[in-house]
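What follows is a pair of complexes built around subunit A, which joins subunit B in one and subunit C in the other.
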Partner chain A sequence: MSMTREEVLNGMRTRFGDVILDFHDKSAKRVYVELKPGALVPVAGHLFRELGARFHIASGVDNRSQLEVLYHFSVEALNLLVTLRVKLDKRAPRVDSLVPTIKGAAWIEREIHELLGIDFTGHPDQRRLLLSEEWPEGVYPLRRDYQEWDAKAIRDRGV
Partner chain B sequence: MSVTMRALLKSPWVFHLSTGSCNNCDIEVLDCLTPRFDIERFGMRLAASIRHADVLLVTGSCNRKSMIRVKRIYEEQVPKPCVVVAIGECAMSRGMFIHSYNCPQPLDRIIPVNVYIPGCPPKPEAIIAGVVKLINKVKASI
Partner chain C sequence: MPKSVITIGPYHPLQEEPELFQLTVEGETVVDIEVSVGYNHRGIEKLSERKTFDQSTFVIERICGICSTSHPFAYTQAVEDIIPVEVPERAKYIRTIIAEGERIHSHLLWFGLAGHFLGYNTVYMWMWRLREEILDVMEILSGNRNNYAMFKPGGVRRDIKPEDIPLAIKKIDSILPTVDRLKGAILDDPVLHARLKGIGTLTKEEAIAYCALGPTSRASGVARDVRKDAPYAAYDRVDWNMIVTANGDVWDKAVVRLLELYESIKIMKHCLLNLPGGEIDLKIKSIPPGEGIGAHEAPRGETFHYVRSDGTNRPARHKVRAPTFMNLPTLKATVPGSSIADAAIILAAIDPCYCCTERLAVRSADGKKLFGGDELLRLSREKTTRILKEAGKR
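Up next, the complex of A and B:
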């Protein structure tokens, strides 16, 4: 790819200007792009298919007022990390799944689903990934308001 | 002393079980087998299978998924008599994972523990001292 960093970023800004809520050019190697949740799939598809970016991982965060999902991509020809960030309503966190576009996102979306309770619409197989079978439905351990549900849990050191 | 117990104390075979540790304790356990510490001179060696072992070394904080396996190994697979050694802070009290949603109980609430070796991780000297205490404890109890 012969495009420069500025051409790539300006191209994204002009093409998706109406869905980009915040464009944070953090450093020469790192860009955060906050999107409207509905626009995640087309922007990720643009990065993945047209720019040849590599999908690394997604991360989920509970920032108290909202739940965030961050999809991390790298454009290796430019030595650039691009993170797509969506902020979701905590009462009904829902975003379109990237799995139909990027197969490799399947397991990390399952993990974010079980740990933070974010619903990925269109995910083909949204089972639990890591939590044990006895874990109750609807309890999400990485939420800020998580409460201990297990009456048998012992939290003192005992020594 | 019965023949079984004499053989067990003469040459305790050890099975090393990591229940979700950070691998630091496991590295110290392996250090005990190096020529510098050489616990094989006490007749100890790592057994490849729990069914060949006399001692169960447990490292790591038991999480919800591994505690089921620990219980099954101790109750169904270990040949008795068997002694259990908890190595490191995590196996004893779960260390920094005490408030983790995934570590509800310390090891000694899941299976009986005979010897605790504290440290994060314990030095190989501490592990050897712990094993000597264990052998003396078992000798004194019979």
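Up next, the complex of A and C:
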């Protein structure tokens, strides 16, 4: 497959124009695309399956008003890093899981689920990945409102 | 046949990364594997938000004890991507030299341990002996055997002195004859062929589906290397080859690492001999609001950092992704179907931590201990001895 950078980006814009909220062509190697959360799976599927892009990882961010999830993909032949961004409502953050499309997304979704409290609908196994079993339910350490040494958190680990 | 669960890990005092593997076995065959991590979760991403951009470099250098430069390399590039700036040419070369030295000693370390697991302790002793020479080179160049503290956003912290270069080159050259000899010994050894070929195979399709990285993916025919795909530092100034093999078994993973040693030595020597002059640091004063991404091909695969700045002197968010995070889940595809005697080397083939294998214990359903860790290492070595004997008879 030998598409140019313009063909790839224009193709995305034409096909998914109605679900793209913001298209930020930051530099020759970096593009940030904000999507309606419901459209994540088809756009990610387009990148991963049709363009053969590589899925790097997802980053979860609490920007105070909303929770963002950024999905980083690389079209290696073009040296182009496309980041898909969805912004989720903080009161009930949920987005469709990418695991049915990309097996490699399983662990990072588990991690974001426990650290930021985002629910990934359709994830086959949302058990904890990093936090211990004793960590209290509903306390998300990467949220902005997380209090260090939260009253509900564990403090007597013998340090 | 009744199923038993073998628990490997999670803790061992000698290694830096505790992990828990639970192998479900039927007789001698592994039918399922469950990997649990998190025993070493230190909250570095959270910690990084409380440090300044410069301080974070030191914190994340301590994520890994073996490839300490891989995280600062990706992180500094992510910070530079926010602004965005290009670091001076000399700094690019110095970064490349440090990163490749690290790859050489990391791959040598892996070879030593792989030899140890298979009962080839001569390989183990030789490889670790050679690794010492490279650690000496790193000490000559940076002042430290590990945790070099060479990186900072905007460049490098210390220059390489011209008078140190000849000694460094001499030491790098001194390991080549032994690496050649070991390469011959390893590639021609019928026992190693019998022991490593066709086990723990990761197919190309699975490597892509699991988004595997580094030697783990390149051994499965996925030509993926950040140094080639998205050239950074001085990697596009040097003529070098990406090593890719087709079979995806443990043997191919070993071959990829062995051949990468030569490429790394080539890159390192080229950069030392052609080090351009000039500044080594941009002296960045402030980081504007924005977001940046940096990636570096570490010995085990790509490290990936996402950094967001809100205009203060601290990162608002710093996401770290290490290569083993993507490579560990591939064990789900490679381990089931293999025998217990092969499990130790398949787990080790993706180059995670090896500590766990010495804490193996097999328990039957009623909790009775059947094998201990030493027992399983013994099984692995006995298999090698058995093949040796059979080879001798022929």
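As a convention for this text, the second predicted complex is superposed on the first by the 147 of 159 C-alpha atoms of A that agree within 3 Å, B and C clash if a C-alpha of one lies under 4 Å from a C-alpha of the other, contacts with A are read in each partner's own complex, and residues count from 1 in each chain.
The criterion applied here is as follows: a contact is a pair of C-beta atoms (placed from the backbone, for glycine too) under 8 Å apart; a residue touches a chain by one contact, two chains touch by 3 or more.
Just so you know, these numbers come straight off a predicted model, no measurement behind them.
Enquirer: Applying the touch criterion given at the start, work out whether A:A39 contacts subunit B, subunit C, both or neither, answering first, second, both or neither.
Expert: neither
Enquirer: Applying the document's definition of touch, where does A:E134 land relative to subunit B and subunit C: first, second, both, or neither?
Expert: It touches subunit B, and subunit C stays clear.
Enquirer: Is A:V19 contacted by the first partner subunit B, the second partner subunit C, both or neither?
Expert: A:V19 contacts neither subunit B nor subunit C.
Enquirer: For A:M3 in the superposed arrangement: first (subunit B), second (subunit C), both or neither?
Expert: In the superposition, A:M3 touches no partner, neither subunit B nor subunit C.
Enquirer: Do subunit B and subunit C touch any of the same residues on subunit A, and if so, which?
Expert: 131-132, 141
Enquirer: Going by the contact rule set out above, which residues of subunit B touch subunit A in the complex?
Expert: Per the stated touch rule, the residues are 64-65, 68, 92-93, 98-99, 101-102, 104-106, 108-109.
Enquirer: Going by the contact rule at the top, pick out the subunit C residues touching subunit A in the complex.
Expert: Listed in rising order, the residues of subunit C that touch subunit A are 37-38, 41, 43, 45-46, 81, 84, 208-212, 224, 229-231, 291, 293, 295, 302, 304, 306, 308, 316-317, 319, 321, 325-326, 328-329.
Enquirer: What residues on subunit A touch subunit C, complex-wise?
Expert: Touching subunit C: residues 27, 29-30, 32, 54-57, 59-62, 70, 72, 74, 76, 79, 81, 83, 102-108, 128-132, 141-142 of subunit A.
Enquirer: Flag every residue of subunit A that touches subunit B in the complex, lowest number first.
Expert: So the residues of subunit A touching subunit B come out as 131-132, 134-135, 141, 146, 148, 150, 152-155, 157-159.
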